[in-house]
């Protein structure tokens, strides 16, 4: 039935790639372009993918762009503090109104993620030489379609527990690292009408966003987080209601129902 | 992408309709036929719907039928004890292997539901003259698409708390009754690879399965509970694994990945 | 074993009682005093209860006061916007560090609650003449000890769904109202090391905080939300960890353990 | 306030210790005796601990014994099939009525655990030479009091995902193994009025039940799983209720409440 393409905006901080030649070598067009291509490459869905970065006006996240976005992905690291509070608030409202959100790797420390979670989102970390194994704990979840368990990532930054997040609505992946640490690396949350997927594999120093399984998880996550086509995309708001306010709305339906005759 | 129709089996006890002329008047072809038609009437999906009843051989739930079933719906009331334990076990295994299951109304007391929940599934009830209001508490959940909040059901049996179930993975609907009772009337659970939706509105004495919103919720629930097309439909089982068993499987992927060069 | 009394701070906005003679008649010493007394009256625990209000310096919530607080209760309504952001941030950090928090009635709209939840916490409401019934859906939860199901509250403001909160870690109470609405009126959440209990019954215009069952629920909730005596009361924070950092810490234990000899 | 000691029954299969001299050397009085002593050694609570084993009449779990039991712990492995279905059903009803249950290690495959979970409880395993690290993901949970994160267990059987259980109400521990696997090794579930804690570390071939941290977790788990002293210890059951049945019960309270005058 669904024919409209999924409209995705891939947001990237875009700083490491300019400041660090080693990162630029791994991601010559920026991590955001690599992530955007992963979503475009997904053969299972039609998508329209754009990118936006910190140094654009309004960080590239104008009201018009968000109006045209079903799912936003977020990668940031060294410049979380430079993201304007007003833009964060704008994105936050959109999520509550139904826009999907993928928060990637070091985005755990972003203003948008911590304000949606209400916790510190702090964690243990090590920039070392760990191998990460990403294990599926929610088989047949749409985010895991076509993904082996475990995903093997030869080199990766370690992210370990305690990860200070609310209990996820669904725990999808748990990772282990060579050093022995574990991490809840794939977690879903519903906030308002919006669906949020946090996925930790991905880093500026290692080419993790070129890994085919990591790319497939991101594409799957985008599809999972999309609002339904019927969504009114209105954020929840308080309403004052008279006694019996719902009776009028229900009447036409009941009148045509056999059981009320 | 999805083109295969959803294969649905609607199971009904089929006794009230034969024993009670008043029920037969409301549901001349049996409740199962009315429920089956609700699913067929759904304009959003292609479905192939069959029915099965208690008094057929193997209750109509042969291995061949279940092989050909993506989602099973279950309505029973006065003959739960007549359902063969072997058939219950067969259905149970299929659910763990990914078959979706909708449990309707008095099905809360069925062997299949209590064995999947591990609790008594007991509740408070009154065969009276209550109005039921069904409120959505999970907006934008696919099961609620196109459904007003509340659904107004003019006459219905009261089901009230305490409803002895495990905490649902998602609480979708809460009902109130004229008498003041409340009930968690729409609940989802994942067990193994299978998705389960319990939905309480529906009764043999009132024509609730003719109510257009109740019909839409059932059709939505069937679509939600369907396994993915990629599902292997194998029930989880224990495996003995050697050290490093996963490395071979992961190698081809890593070899073709830019990041490992 | 526990002998230290539970240190409780009851925070009240304290405005209605001064501005509205009708409220002052119901709560001559302020709602906060009535709530504080409910906690002191609890025969099951030793408590030390103080109160604090909006118009005190730092809203009465200095660092010293919070250092001496195991559980904070929060009631506000017409002056949420006057609460200083810095104080909110201070309380927020304390909750993540293990301080318990009870959010009462119209506190759903407070800055501290919305910032901990990450959602709008909006709801449906009616200042009418409803009877509220508060049903237990978590039997044997410590918050429900000694509480009948339902609690009958003859006159109360209606709070109804959709209540825009994250899925609670535990759903303890569901209310119905004469008008037919339902509400998740008792919900627990863990954030960081802190336990949070939202409980909606309670209002400035009706004497709900004199209701013996409402008083007992609040006292139970305070006891439930208390941090353990062994808690270090440190908020979670990110840590950089070397490979094998945990081995040294574990050694003494393993050396004395029979299994390692 | 609580003065009555906690009545604990430690159930053990008791076969390995008789059949395998190596196990008998590690646990000369049986694993159940070692586990029982761990609970008695807990300095934080007063306990009365007895043991029961498979080969006693009624497996040592007579109605009288269960009447006198607040928390039952369960360890079995090679003889799950020999446990009488009637005894399993008896224990199951007691759990729903409020008796706490700890399921240890290979007890994941026991009839009592799978019937309470409704899933296969299957998992990945390896009898090898792994080191297990047990990480806390629920800081300040009473089960983790006094426990370092991680617990280091030098030698242990590997238990790995996918572990086929319902989503736990609380995920308390996640383990990693030298081989790279991960496991949800500490999980809580509420079923009926009963609290259940599954904890995987522990084995017949390695002396894990001598490990001081494992012993402390078990003692903490027993205390956590205990029913409240006020519990009526009745299993939930269905009730037929007249309209307004709750008004009479609520009246006395409301009559003495200031707000109803």
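A, B, C and D label the chains in the order they appear, each numbered from 1.
Simple rule for what comes next: a residue touches a chain if its C-beta (ideal position, glycine included) is under 8 Å from a C-beta of that chain, and two chains touch if they have at least 3 such contacts.
Each chain and its UniProt protein: A, B, C, D = Trehalose utilization protein ThuA.
Since we're looking at a predicted model, the values are computed, not measured.
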Check your understanding: Going by the contact rule set out at the top, which chains touch both chain A and chain C?
Key -> B, D
Check your understanding: In terms of residue numbering, is the interface formed by chain A and chain D classified as same (over half shared) or different (under half shared)?
Key -> same
Check your understanding: What's the chain with its C-alpha centre farthest out from chain B?
Key -> C
Review point. So what's the Cα centroid distance for chain B and chain D, whole Å?
Key: 31
Exercise for review: Quick one: report the Å distance separating chain B from chain C, using the average Cα coordinate of each chain.
Suggested key: 37
Review point. Distance from the CA centroid of chain A to that of chain B, rounded to the nearest Å?
Key: 30
Revision key, fill the gap. Among chain C residues, those touching two or more other chains are 133, 139, 150, 160, 162, 167, 169-170, 180-181, 190, 192, 236, 246
Review point. Among line, ring, star, complete and other, which best matches the way these chains touch?
Key: complete
Revision key, fill the gap. Per the touch rule, the chain C residues reaching chain B in their complex are 131, 133, 135-137, 139, 149-150, 160-163, 167, 170-171, 174-178, 180-182, 184
Check your understanding: What part of chain C is in contact with chain D in the complex they form?
Key -> 1, 26, 44-45, 98, 133, 138-140, 142, 145-146, 148, 150-152, 154-155, 169-170, 190, 192-193, 206-208, 210-213, 227-228, 230-231, 236, 246-247, 249-250, 253-254, 256-260
Check your understanding: Can you name the residues of chain C that touch chain A in the complex?
Key -> 96, 109, 115-120, 122-126, 128, 158, 160, 162, 164, 166-167, 169, 179-181, 189-192, 235-244, 246
